[in-house]
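Chain IDs A, B and C follow the sequence of writing; residue 1 opens each chain.
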Amino acid sequence: MNEPTTHDDIWSALQDLRARRPLVHNITNYVAMSVSANVLLALGASPAMVHAAEEVEDFVGISDALCINIGTLSPPWVEAMGKAAARANALGKPWVLDPVGCGATAYRTRVSEELAALRPAVIRANAGEVQSLAGARAGTTKGVDSLAGADAATAAAAEALSRRTGAVVAATGATDYVADGKTRVAVEGGDALMPLSTALGCALSAVVAAFTAVRSPRQAAIAALSVYGAAGAVAARNCRGPGHLPAELCDALYRMDRDTLQREVRFSA
Amino acid sequence: MNEPTTHDDIWSALQDLRARRPLVHNITNYVAMSVSANVLLALGASPAMVHAAEEVEDFVGISDALCINIGTLSPPWVEAMGKAAARANALGKPWVLDPVGCGATAYRTRVSEELAALRPAVIRANAGEVQSLAGARAGTTKGVDSLAGADAATAAAAEALSRRTGAVVAATGATDYVADGKTRVAVEGGDALMPLSTALGCALSAVVAAFTAVRSPRQAAIAALSVYGAAGAVAARNCRGPGHLPAELCDALYRMDRDTLQREVRFSA
Amino acid sequence: MNEPTTHDDIWSALQDLRARRPLVHNITNYVAMSVSANVLLALGASPAMVHAAEEVEDFVGISDALCINIGTLSPPWVEAMGKAAARANALGKPWVLDPVGCGATAYRTRVSEELAALRPAVIRANAGEVQSLAGARAGTTKGVDSLAGADAATAAAAEALSRRTGAVVAATGATDYVADGKTRVAVEGGDALMPLSTALGCALSAVVAAFTAVRSPRQAAIAALSVYGAAGAVAARNCRGPGHLPAELCDALYRMDRDTLQREVRFSA
């Protein structure tokens, strides 16, 4: 049963997020840290980057949501990711997994699978990563850039991965898909320039985490993709290339309003 | 005795810094590295990011000042921080401590206290961190964002922390306070947009370090807060949101002149 | 014998790079990661940052070129650098070395020398680093900023380093030199603002690596310096300071065309 999503739902979620100003704990990759923090601040959340095994569990305790991104993983970080995810589960706090480059190396695929088994609320990934993690086609990811179109195969893989893990799966590409095993929504927004600016997908995962502090995982994923896609579309129109896109994206998030959402985002079940 | 500070003092310090081009050794967090380096370059200093225990002592030896920021701390980095601070003390070189998130976790508070005991020339922190490190109210920091206003309580905590550690304490917020145990100066500048761009406080700590190469710790802190606040105010007027603020801040630092300082900064004892 | 280089050669190399979209594996420093990734994306390459010893060899296997930059080195990273370089050699894949700060500390110099012995295709460095690694004057590098002019001494050191290591050496400064032991080309472009924005030299090393996927090491170095210098010159004209330079540089790379190359770059043998 597809619960319909409206622009009013998205706008309401963003207003709640801005009022709540959730503290989002990120264990993310080196490339994504600054842009994730800036995107979260512009959105209205409060970011923190904390990865030491000595303190991740304490920090989960004071956070509203957690985002785990394996982009520049290494064993000490993976240990901290596992500890943080387990603590989030113990405290009933939502967490988001971004399995960057799953399928590119055996190490990355194994860590992705181990984390996916720790009950993330949402898995946010590109088409190739979703397909790899869903087992649809192992080992064909080209680094962290997805070659596969965000198409029927992606949507099917997202549904399979959701059924396997219990997580809502947000597979992003030219069209984004949010699948929760029973329902599927397509979200269209953004701009073709976005993949040419590094780590904007990683920052989107942090935005999903922020929304899980104020909505169910499914609604959080849809709201995050919608707000981000709307902001990306606005940002790209102010750019002559990808250089200023992160800054314009932050400005667009900071200034996001009901009319812009209505104009820039389309849903379909 | 409050030694009065004038705009001429600040301008003179900036001119000396630009002429000296001090090499500032940073052991800082992953989020702050790029923006700190860019801010230091725009200011007229020469930044370096060096954290391996194998070389921090050697690097202190060729540097003019050191900035230690615990934002994304972990044990190997904390070890290097201790070594670098000890070497700076041994060589009589000034160093600045930024105890990011002190009070948020037990680990962070303990490391902050250990480093604060190693005789930093200046401690630069937000209100919540200063209060936590001063012992005024432990454990109430919300991540790295301060909830407490930069008000009388902050100023009192800054004075207490300065008396306890011997460091000049620069507590930053809507109004900044520089306390050295005997004197206190308030510096007003900046813009409400600044906390919405990540790590600008961390970069300010690096700016304080740069000024310690050409002025006493107290004068360095006042000069840094003044120049940074003036640049932030100019930068924010060129922005429609926080996105372009770091770039505009660098441009404003690069172009800073006597008139802008006069216009944008106010002191009070 | 100097094989002459023409603007058509450079333009052809860039077109081939954009068509190939090479996957460039970077083991680089924390400061350079984001800007390197953005520069590579704007250029037309596909970047990845992968440093864990557990996966670097696998990742070299799926990459088209490798860039190793020691800017924020520590022992676990150095181990991974050695593994990755050895695997690249075993697979016949080109790799680029950026020995950041060689000469500043004993650790940095030793690691630079060890990596330089592992047969990089190109060594890209500033004048002081080239001179230190060439043995021309040890220990006089001031941090990561070069004091030495990119002059006759630099060119001579580049030639000596090339003969010693077998690598093409790209020594960058106000004028860039590409030496391969037998030939030398000077490339003039860029802007004096570029050294005031952090890690643009590091990002250039990644650009050299991208070009090695489509050209010989010598031609790759010349093409990279030319395209980057042209983009830097265009970018600087859009700036009032260094703040927006990285974004403008990305836009200029993204929009680079034949006429701009012709206008902005000069070669001399």
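Here, a residue touches a chain if its C-beta (ideal position, glycine included) is under 8 Å from a C-beta of that chain, and two chains touch if they have at least 3 such contacts.
Values in this document were obtained by computation on a predicted structure and should not be read as measured data.
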Which chains make contact with subunit A and with subunit B at once?
-> C
Could you check if the interface between copies subunit A and subunit C is built from the same residues on both sides, meaning over half shared, or from different ones?
-> different
Using the average of all C-alpha atoms in each chain as its centre, how far is it in Å between subunit A and subunit C?
-> 33
So which bits of subunit C are touching at least two other chains?
-> 30, 34, 244, 247
Residue positions on subunit A within touch of subunit C in the complex are 29-31, 34-35, 71-75, 101, 104-108, 142-145, 195-199, 239-244, 247
Per the touch rule above, subunit C residues touching subunit A in the complex are 23, 30, 33-34, 37-38, 41-42, 46-55, 58-59, 62-63, 76, 244, 246-255
